[in-house]
Amino acid sequence: MRAALKKLRQSRYYGVGLLLLIAIAIWAVFKLLTPSNFGDPEKLVSYLQTALIYAVGGCGLYFICVMGLFDFSIGAMMILAELAAIAFIPWLGYVSVVVVPVLVGLLLGIFNGVAYIKMRIPSIIVTTGLSLLYEAASVWMANVNGTRLPASHNAFGSYPWNLVVALAAFCLCGFLLKYTKVGTYTNAIGANELVAKNMGVDVDRYKAIAFALCGLFVGIMSILYLGYGTAQTPQTGMLSQSLNFKPLMGTFFGLAFRKYGHPVVSIVIGEYIVSMIFAGFVAMGVPTTINNIVTGVTLLAIVTLTTKRFNGAVVK
Amino acid sequence: NGSGDGSSGEKIKIGVSIWSSTDALGSLSVDIIKRAAEALGDAEIVSVVDQGHVSEQVTASIETLCAAGCQGIVVCNSADSEMASAISTCNENGVYLAQFYRMISETDSPEVFEVAKNSEYFVGSVHEDEVGNGEKLIELLSQDRDDVPEGIQKGSRNIKLEAWTVGDATFQLRWQGYKNGVEAWNAANPSDKMTLSEPVYANTSSSEGANITQQFYNQDNTMDALIIAGGGGDPLVGSIGQLANMGLTGKIRVVSTDFLDDLEDQLESGGMYAESGGHFCDPLFAFLLVYNAVKGNYTVQAGNYGYEILFPYAFVSSVDEYKAYKQYFVDQPPYDDDELRELGTLDFDALKAAAAKLSIADVMARHAS
Amino acid sequence: MTDTVNAATAKSVRANLCKAIESGKLRSVLPILGFVLIVAFFAIATGGRLVQPNNVRLILNSTYVLLIASIGVFMIMSMGSLDFSQGSMIGLSCIVVCELSQTSLPLAILGGIACGMVVGSINAYFHVRRQIPSFIVTICMMFLVRGIVAYLTTNAPAMGAGYLQADLNTTGFLLPVTIACLVAFYLVFTFTPLGATLKAVGAGQTAARFAGVSVARTKTLVYIAAGAITGFAAFVLAIRNGSVTATGGSMLETQIMLALVLGGLPISGGAKVRFSNIVVGVLTYCVLDRGLVMMGLQTDMKQFITGIVFLIFLALFSDRESIQVIK
Amino acid sequence: MAKQLMLRAVGIDKRFGPTHAVDHISLDFAKGEIHALIGENGSGKSTFTNMLTGIIPIGEGTFELDGAQIVPKNQVDANHLGAAVIVQEQGTLDSLTVAENMFLGDEDQFMSRGIKNTPAMYRKAQELLDSYGLGRIKASDPIEHYNFEDRKLVEIVKSTWFKPKVLVVDETTTALSQNGRDILFDVMRTVRDDGRTVIFICHDMSEVLMMSDTISILRDGEFIATVSASEVDESKLKTLMVGRQMSERYYREDYGCPLTGDVALSMRKVSVPGQLEEVSLDLHKGEILGIGGLSECGMHEVGKALFGASYDRVGEVVLGDGTPIDSIDTAINHSIAYASKDRDNESLLINDTIQDNITLPSLRRMGLPLRAGELRDFAATYANVMSTKMVGVDQFVSALSGGNKQKVVLSRWLGAGSDILVLDSPTRGIDIKVKADIYALLDMMRREGKAILVISEEIMELIGMCDRIIVMKDRKIAGELERRPDMTEQDLIALMV
């Protein structure tokens, strides 16, 4: 029995299975509480819509969080990328909606990476500082062509195009993690930077690459986010930071289930759980402010359950 | 004493404390104040502080603007009690203060109201009748109409409410208005009752607006109306877009107090049912209140609340109404430079009368040449 | 001949300077120099307005909450941990203070402190006992507690009793209270083993343990104490604002972090932590922020300059040598 | 029969600050041999091989491998050039799969146009594991699924599958069980029989003699001699390694000093999971008690257990008067001192000042308020008692040499007025002069009636300094010896193995 359990735990699908079980359990709770308003197949599909958006961002953050770094500028990057997309529509049309956010994301990602590498300052701090600049830039960008995405350009806000873009992003992320050096090296740097360096991993380079990739995925997320919401107001005073956390939730799931493999799937299911909880609260008609509380508790619980404790561990 | 400085030919220095000068309503509000200052010639906007409606930043912004040498400040605060700090700061520094989009509630915050009354520098408030606005929108929703697209001709009975941030003072009042309206309807029509959902908050984000709309419909596909209480326009854009995506345009009545660029099309297609707006002139009057106080066009006396201007909302619920609104509020400013200069000389009663009079018809009368 | 002597002196001066920079002595006063520079700049740029006594008082008024709340975060960051839940925590404590102020003032203060301690101990439980990185724990808590704050203020802001604002909201009361907090903490930090203990945990948890520092207990107590301090800061906040809305304390955690880093606090904590980081950092942050407003800059420009100055200061202050792995 | 040359080191030299870790070593390694490098701790073995395998840059000199000069930039580069290493520390990384670990830094063979052929990589890794008889390890599993020993075995495969011309095995055996050792030894023999070369670093002389063909001895960074394994025995090797007749005054000279009956600290049936099993001992006042044994015998944990620092300890540690010592806190409060073997991580706050390091455990006993001047004087006093070489007490410990670091550790406990000292490897990596100072200090404290427990890997130190020596083996006490002039290393080694 024990051995079987151990074997199960070691199975490659244990983590994904566990997450799915958690998702189903949460679905069941809401379904029981509000049978008619929640959880029918077509509704389940609609919950996925927002989950997809944040999961794409979560994939990007995964590259840097796995190294123990963080990027506090993704909210500002996203806003700037979206506004840039809107700004160039008159010249580029649909191309602007797809290409510009990705380029802006990538560019700012590279910028973050280079600043972090060159200045040798903790990433949380450096990206917070840079987010101030990006926020300021988003105000200027908003002056170019306003803050609204024309309805004629919102195909990426709904099925099937959002799914196409999201799936492409997930595949790209999975591919990068499994079929390029980036995945291996970011993991290796996360596990032990000094050992990785000794193995010939150019640590600085791969950290910069990870930041660039994070930016790239935030750019892709911006396509979906803008398509879905079709408007974006510039934000200042670090208010853009509130946009950091939804993608981060997914990344936390990805990290918590990392040791079981399949980080991308974990991120997507994780975001789906978050999205489902929100929908569940709307369905029950209870104040959705509780949603934040429940999301916080769920996340803490999951991280707690998946954290292995050992004596004398140095945790910061 | 700050107010003494302005006499020697220098410009009158006015500061603005606002939640954000970069979002839709915020930038309109700041622009109209700046334009007025320019037109008047002898006033300058020293600084605009974005405080994000975070209480401590609101109080800090008043202190900073006083330190910056302002003679008058206009503020859109987030909670009544912040005004107690703000007013005492202004009292100490001899700086005139007026609120826009806000007023101090005598019933909810009697102490703050008292502070305002006792101040010689709190000039007063310009605000909309938010409760009335809420009631009016519900009234519009309840009516059967035949001059609108087919799917939304019948009066609404199942209304969903989308808000922006939790606990925002303006939202509280509008919400009260919605509730009053629903109650009034239900009292009058016990056999045909109306329901209003709990508010769900979209945080001024269009994506969250879209998501909420989707979840409202998921929860209850018999909904026939959606109120987007505000949030600067983004949540509204997101919600309308989502309804369009779900093929529900022209099937669910959408009302809001935020204005859209493409309102005409939306009204035509049934994407929108009605809107209240035009309130972006409100900061202008707060500015004028302070400006005139600094100039000495009237004095602020301790012992009464100060000057209060109840700013009228413009309601738009048909294409024709919008056309007029667009011509006189959007395409050209409701006051031209000469008129602004004229407003800058008025005493309070005249100012109040001017504000009360502002409507589409009023602008039409002044500008139709 | 004198030339060579001069050259030699110049050389030795330069060598000494290099040495001073290397040994980190100069680096530890750089933030103070930065502060002086910023004050001097804005004093000139605002035509002396910044340093007029009355305006100094006005600017100080808005620093009290930040100064007090920074003490707790300072302790946490000295140990190399982080706390992002401060903003939500102060919001919640402030609600408690406001509600209890209707009953009695001492009860309100104690209630606020107790509330902060509860949140702090939850942070401590997950971080210390469950060994989850503080970054993750406190971000989750930030969400969770913000949700509670929003829930409690859904229908109306939590209103404090009138006397809070009417009687206590004066420089004459708040400034001494803030100074008292800072002095009290300074005394405890400098003249008891607390300071050495915090730095030791930041410099190396394992080694600190073998030198008799109970790391788990220290961390737990510090998180709880930081909660208590934040709870007290919530009392000051309640005095200044009179009520709490759903956004009460929003972004405070980021402001504190930026301020402390501007004050020269190494984000990994440890030996180079100084009490002056708190005061210098908060004042620099506030002078920068308020100074730009006083110069009449637009939001976007103001923000842009803040960002640039922040990054420049960082690049100059941060001590890169002693950290091998920068996260 | 002259063997062909595989590797020639010419004038290899490395300094760390003033430490001359490797002093112009020239050495030849033949094809088809297992060539042991032996020498005391700190004699430069690892530094030498680390330069060969790209872990640290070469200071001076050249390596010629199979006729061509090599200058490896990093470990992977060295692998490509034909030199590989298995180190003692864990060299595999969490959160990578077994295969990713095996090919870390060496993915290029599976890359085409930037795309990694992961299935091919897994297949190849699995084939390699199978060929080493490690089929139970799955190449696609995350490495966390395996225990320390299995991970070590993965490292062995990782460093040898590509048939390096020179394989360095640096103190790897201590990490392995018998079974793992057998696998490693097989690998080493295969390499040799294949006509390639193994450089074998090991402190266990019997293993050295069993496995190697040629033995080179280093001492204090200098090359001493190369001998054929068949021509020497352990004692000869030891003499070569130590290379000096112990001066009479180096260790203490007295014998037959009777033990006081006063027990200062005792352990009763103490077990620590995986480390100790039912160990009991008494430490008396005025004695130096030595604990010896091979690596991994559990002796280091004895020190931690006595200091209240072990996790999950069962059994009791009590003072002479019966006061239980259950935490570091109580230990320090009852004047117990502890210096860890892992000086940089467990003894010293490396990134902190000398002053902070010395005063930290004593703060609790100083009256409040603490005064900066007093603290500084306190630190300076005790640092000077130990004649620590430093710029000042506000210097960072990280900038000190190994010996001075240890002096700071001892100053700290002198300052704390400790009566019971538990010292783990007190002279590890320390030069003769400082060693002698430390020995003198220990002897003086003994005579003052303090109780001292010395855990040491250096047998001579135990014989020279201790009143009693407890030898440990496999987490248990294997025997105890009384101090006597004619004790030999063999007496202890007999108990250890």
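The first chain written gets the first letter, and so on, giving A, B, C and D; residue counts start at 1 in each chain.
Following the convention adopted for this analysis, contacts are C-beta pairs under 8 Å (C-beta built on N, C-alpha and C of every residue); 3 or more make two chains touch, one makes a residue touch a chain.
Since the model is a prediction, treat every value here as computed from it, not as a measurement.
**Q** Would you kindly count the fewest steps from subunit A to subunit C, each step being a jump to a chain that touches the current one?
**A** Counted as steps through touching chains, the separation is 1.
**Q** From subunit C, which chain is the farthest off, judged by mean CA positions?
**A** Here the answer is chain D, farthest from subunit C.
**Q** More contacting C-beta pairs: A-D or B-C?
**A** If we tally the C-beta pairs in contact for B-C and A-D, the bigger total goes to B-C.
**Q** Report the inter-chain centroid distance for subunit B and subunit D in whole angstrom, where each centroid is the mean of the CA atoms.
**A** Using C-alpha averages as centres, the distance is 74 Å.
**Q** Can you work out the whole-Å distance between the CA centroids of subunit A and subunit B?
**A** Chain centres of subunit A and subunit B, defined by C-alpha means, are spaced 36 Å apart.
**Q** Could you put a whole-Å number on the gap between the CA centroids of subunit A and subunit D?
**A** 44
**Q** Could you pull out the residues of subunit D that touch at least 2 other chains?
**A** In subunit D, no residue touches two or more other chains.
**Q** Going by the touch rule set out above, which residues of subunit B reach two or more other chains?
**A** Residues 20, 22, 50, 52, 166, 201 of subunit B touch two or more partner chains.
**Q** Which subunit C residues sit where two or more other chains touch them?
**A** 150-151, 154, 206, 209, 246, 251, 299-300
**Q** Which of the chains touch, listed as pairs?
**A** A-B, A-C, A-D, B-C, C-D
**Q** Under the definition above, what is the set of subunit A residues touching subunit C in their complex?
**A** 67-70, 115, 119-126, 128-133, 135-137, 139-140, 193-194, 236-239, 241, 245, 248, 252, 287, 289-297, 299-300, 303-304, 307, 309-310, 312-316
**Q** Quick check on the complex: what are the subunit A residues that touch subunit D?
**A** Going through subunit A, the ones touching subunit D are 10, 12, 66, 178-181, 184, 187-188, 190-192, 195-201, 258-261, 311-312.
**Q** Which residues of subunit B touch subunit A in their complex?
**A** Where subunit B meets subunit A, its residues are 20, 22-24, 50, 52, 166, 197-198, 200-201, 203-212, 214-216, 218-220, 232-234, 237-238, 241-242, 244-245, 261.
**Q** If we count contacts the way the header does, which residues on subunit D are in touch with subunit A in the complex?
**A** Contact set of subunit D toward subunit A: 54-55, 73-77, 91, 93-97, 100, 104-105, 107, 111, 114-118, 140-142, 144-145, 311-312.
**Q** Which bits of subunit C are touching subunit D when the two form their complex?
**A** The contact residues of subunit C facing subunit D are 187, 190-193, 196-197, 199-200, 203-204, 206-214, 270-271, 322.
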